[in-house]
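Paired with chain B in one complex and with chain C in the other, chain A is shared by the two complexes that follow.
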Partner chain A sequence: MDLKKLREKAAADFKANGFPTTKEELWRFTDVSRVATAEFSNDWKPSDLTFRALDKITVVFENGKLSREKSNFTELPEGICIGSILDLVDPRIGTLADAQSAFVSSNTAFFADGTFIEVTDGAKIDTPIHLIYLADVDGAAFHLRNFISVGKDAQVTVVEEYIGQSGATYWTNAVTEVFVADQGAVDHYKVQRESESSFHFQTLEAQLGADAVFSNHAVTFGSALGRNDIRGKLTGEGGEAICNGLYLLKDKQVFDTHIFMDHAVPKCNSHELYKGILDDKARAVFCGRILVQKDAQQTDAIQSNGNLLLSRAAKVNTLPQLEIYADDVKCTHGATIGQLDETALYYLQTRGIDPVQGHAMLTFAFANEVMDEVKCKIAKVYIEDLVHEWLDQVSK
Partner chain B sequence: MALLEIKDLHASVADKPILKGINLTIKPGEVHAIMGPNGSGKSTLSNVLAGNEAYTKTAGQILFDGQDIDELAAHERACAGMFLAFQYPVEIAGISNMYFLKAAVNAVRKYQGIDQLDAMDFLDLVEEKKKIVKIRSDLLERAVNSGFSGGEKKRNEIFQMAMLEPKLGILDETDSGLDIDALRIVADGVNALRSPDRGFLVITHYQRLLDYIVPDHVHVLVNGQIVKSGGKELALELEDEGYASWVAE
Partner chain C sequence: MKIEDEKSFDTLTDKEYKYGFVTDIESDSLPPGLNEDIVRAISKRKNEPEWLMEFRLKAYRHWLTLEEPKWAKVEFPPVDYQALSYYSAPKQKADMPQSLDDVDPELLATYEKLGIPLGEQEVLAGVANVAVDAVFDSVSVATTFKKNLEELGIIFGSFSDAVKDHPELVKKYLGTVVPYKDNYYATLNSAVFSDGSFCYIPKGVKCPLELSTYFRINAANTGQFERTLLVADEGAQVSYLEGCTAPQRDENQLHAAVVELIAHKDAKIKYSTVQNWYPGDKDGKGGIYNFVTKRGHCRGDNSKISWTQVETGSAITWKYPSCILKGDNSVGEFYSVAVTNNMQQADTGTKMVHIGKNTKSTIISKGISAGKAQNTYRGLVRVQETAENARNFSQCDSMLIGDRCGAHTFPYIDVNNPTAQVEHEATTTKIGEDQIFYCNQRGLDTEEAVTMIVNGFCKEVFRELPMEFAVEAQKLLGISLEGSVG
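Right after this comes the complex of A and B.
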């Protein structure tokens, strides 16, 4: 189906089905009626927000539209093509994110811009590509569509960062499709720093070929109501998908993470490590579904979700779901909701560290465990700084 | 002045009396060993000294460097120069060993009114102390004790002790779970830290460790009380005869 027809069909689907309700299994814990009943405008203005470029290559969007003035991707290393999704075409757009929900279908129908990245076979891109989405129009909806394709034995690092103006109420609805060919590697980070009164929804879909690696670190600080839908499709032997994440929530924030890892073929690994720290009346949902299909022998799948509640009113729903149809597999999952480890606090004290500092160190350590395996040093340091900043605010 | 003076110490865990009147004096430069069977109160003694709140001191007095340690919380005891090497060092994912050590060294220096170490001076200190316990650099970059072998954890304890330069080092069954090579490295580390103004309390079940860390005094702890004290030859006696004659009483 060509893109025009796909978009018409998505618009029809969206019109027919509308937004999901909490009666649907996948949306049981997350009520999106606040988004469904809101009116969004098409108002546009340039953004007043600032950002910190992580490295030389940046792709900057102001209120949903690419800003070539603020971006820096004119001089690129050999083997990579970057541009607006409105200018560059690939027949695979829309084939992974094929309208499972109103968020995907409305995005497919209405997307107004987004990033297109293609890395050719064998190209290894050292500089991380920093995608920055700035939002400061009150009442607007931003449907952003990203497409990342990495060829055989090629590599790229992409950091998607969403930054919003504090106090602004708007809706970010993003879809990112990632295709990783055989032996390819994509190291992907998502930093969500939307306004505390915004709505943020993203569907991230990745398809991996043989011996391909897709690594994703999703760190969430912002939005009043938000959700990450992450779907990994392991379609070639020897593929590896790493989906780690951290959500730091306070006030009345609600954030939902749904991961679906689809092991279709033998000898693939998937690792999911998710941590959450919740204060005040914040609420988190973590749902990790791992499907091991009949042929997917020798699958190695690990999932763990740990939560730290700083307030009695904070709440977490964590739901591991393993569906295993093969018999020679290794699948483990674990979920914890708890307090800081008292023995660790005592250990720090016996080394001279007072309980207040010890508490802060252990809280940081709890969160930072998801960053232990991060390959991109620039992203690691940047995210660690943001985590420290958040923790400092909460402890005040 | 004595470095550590324990007078008629009674302590309990969850309302169960464990220590029943301990008297012990350690002078600067001395190495004391406390030997005892399982359940005699060895670990309770080290935890009470270090200030673990799960352990309650019910009677008696402990003076550290002349100061009553009831007045000091666990971190203040550490800052005042007491160091406990754990029997089971705690794993802390998410904090690198280096970050942890820098926080500890600077907390102690702050308490003692000494200038904080900057990154360069800290690294110089690490390089100097690394040699004492032959600890690998990659272990220092990893999360605290996470995925370390038993020997690596114990070596890390001694390395921390070297970095913090305490007045009193308490080794709580540091030999447990170590093979002979690891034991020798750990003991060499401790011996390198012996000095005329530093004292040690070595707590152990077995005599083996005392072949390498030779004590000045040996005390036998049974059922919460010191039943016999003597010189290093007492450890050998225990090796031959075991604890049976005391436990039976």
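Right after this comes the complex of A and C.
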């Protein structure tokens, strides 16, 4: 289907179905009526926001539009092609993202720009590709569409970072589709630092071939109301999907993470580790669903969700789900919600560490478990800095 | 070694449901259909007071506004509620049997067949130390040990008798745990419930006997809607057992029961169920739809309610025994084994709602799925803002036998208080070939080995059952899994 027809169909779907309500099982705990009833403009201006480039290659979007001046992707290593999704079209666009979702259909209908990355067979790209989305227009909606395709035995690291102007109210609606061919590897990071009064929704869908690896680390700090929909589709034997994440929420933030891991073939692994720290009146929703289809024997799926509540009014809804139709599988999931371990705090005190400092140490350690598996060193240092910064703010 | 062995598979799945016989007894039934007149007729037939009829009618009118819940992971053709008969009672010589001598001997023989001795002498002579209230289709037919219990002030008997003899108690507690508006099936039950058991344990009394209700559906095309109300007053303790069977019929039969438990300050209730309704044949024909609402209310401080269930029967099980932990330091427990084989479907679990301070709950659920069955654990743990230092531990283990079945886990965890500690764990396993091989090597055949391994898998739950029940449950497990290992 060409893009024009795809957009028309998506617009019709969106018009017919509208936004989801809390009556729908998948949206039970997240009320999006604030987004549904808000009016968004198409106003545009260049962004005043600054960012820290992680490495040589950056792709910068200013209020939803690619900025070639601020970006740096003219000199690229061999085997990779980067550009605006409007210039580079692939027939697979729109074939992966869940067309049933209102956020996906509105994105498909209205996306104004986004990143296109293609890595050819056998190419191993060492430099991380840093995608930066700056937002500082009050009242705007940004529909961003990204497409990442990695060829056979190819490798790439992509860091998506969303930065917003504090105080600005806007709606980011992003969709990222990732295709990983046989033996390919994608190391994907998402750092969400949107404005504290914004709405942020992203659907990230990845399809993995045989022996392919997709790893995703989603770290969330921002948005008043947000959600990550992450869907992994294991379609070739020996595939491995890792979805880890950290959400650090305060004030009245509401953040929802929905993960759906679809094991369609045998001998695949999937690992999910999600941790959350919640302060003030923040609320987190975590729903992780692992589906092991009938023929997906020898699946190894692990999922765990831990939550640390720092305040009386913070809330968590967690739903770790297993749906299994094959018998020779190893599936486990777990969820915990609680406070810091008193005995650990006491131990630190006996070693001369005061309670405030001990508290900070243990809180960081709780979050840091998610960071242990980060392969990209630059990303790891950057995210750790951000986590420390957040914890410092909270402890004040 | 190959576990697959088609021959033994065939011979074993053909094994009949042991309790599938029909008792040829004359019954007094209302015509099929459901409307206000039927609701009134049920109430009238039971000589109920005005307030109870009002309760039924309110429920019926509310039911008309409801739709069948669709969220459970079960599939079945729509139930035609107008085709069912909502009242069936074994025909009696006089009004009500005064003693066991008045009960139709055919009926007594039925219970005998089921292994439930109703003749008190027999009970006294035997080892069982259990008081039984037997419910046949819609009415309670006999209650044993009534006198002994009365001496202690314990009221135990049929719901209808309780309405006559202790209306104030029934009125005070009925619908306070499961309100008539609760859900589709509970509302339907509130409108048309026929009989059931009522039990009241007065202050400080520790019930010396295991109390037991035995449910039996006999008549064709009837629904069974019984209602159990169990109240443990301050400091009281009771252990309650429930068992069920039904004849083997080709059509599906509906069972929509409501169980309400109330535990006052320092009271303890232990409620055990061995559910063995007819599960349908191996192609999924017939069987009971078991849509049950069970809920316990820990009303007073330091109270405790413990649910133990062994679910082996029914074509479809839809059941979530729950605990509302309102009193401070109250404790809720849920131990469950759900076995599904052939075409059975089960969507079962629990709800633990923590309201009081220092409330604790434990959930241990073991799901075993074989044949083409679907087995789902669905549970909720909610910690309210007021529940300081609430603690929950949940463990849900699934075992799959064969590659055509499914095992699913859908826990919901809502925490609204930072002092809470909530943990949930789930695993999915299968019986290892090495385990079977080891057993074979020691001279056990594969069938025995599976039963043994599954029993080991369920050990934590069986341990919670009263002794007589534990033995029965282990046997039942063996029967329902027969043929699952081909």
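Keep in mind that, in the parts below, the second predicted complex is superposed on the first by the 393 of 396 C-alpha atoms of A that agree within 3 Å, B and C clash if a C-alpha of one lies under 4 Å from a C-alpha of the other, contacts with A are read in each partner's own complex, and residues count from 1 in each chain.
Quick note on the criterion: contacts are C-beta pairs under 8 Å (C-beta built on N, C-alpha and C of every residue); 3 or more make two chains touch, one makes a residue touch a chain.
Values in this document were obtained by computation on a predicted structure and should not be read as measured data.
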item	value
First (chain B), second (chain C), both or neither touched by A:A326	second
Partner chain(s) touched by A:P355 [first = chain B, second = chain C, both, neither]	first
Which superposed partner A:N42 touches (first chain B, second chain C, both, neither)	neither
Contact breadth on chain A, by residue count: chain C or chain B	C
Contacts of A:Y346 with chain B and chain C, given as first, second, both or neither	first
Partner chain(s) touched by A:T22 [first = chain B, second = chain C, both, neither]	neither
Which of chain B and chain C A:T318 touches, first, second, both or neither	second
Chain A - residues contacting chain C, complex	25, 294, 297, 307, 309-312, 314-339
Partner chain B, residues of chain A touching it in the complex	341, 343-344, 346-355, 357-358, 361-362, 364-369, 371-372
Sites on chain B touched by chain A in the complex	50-53, 73-75, 77-79, 83-84, 86, 89-90, 92-95, 100, 103-104, 107-108, 111, 143, 160, 164
Chain A-facing residues of chain C, complex	71, 383, 385, 398, 400-430
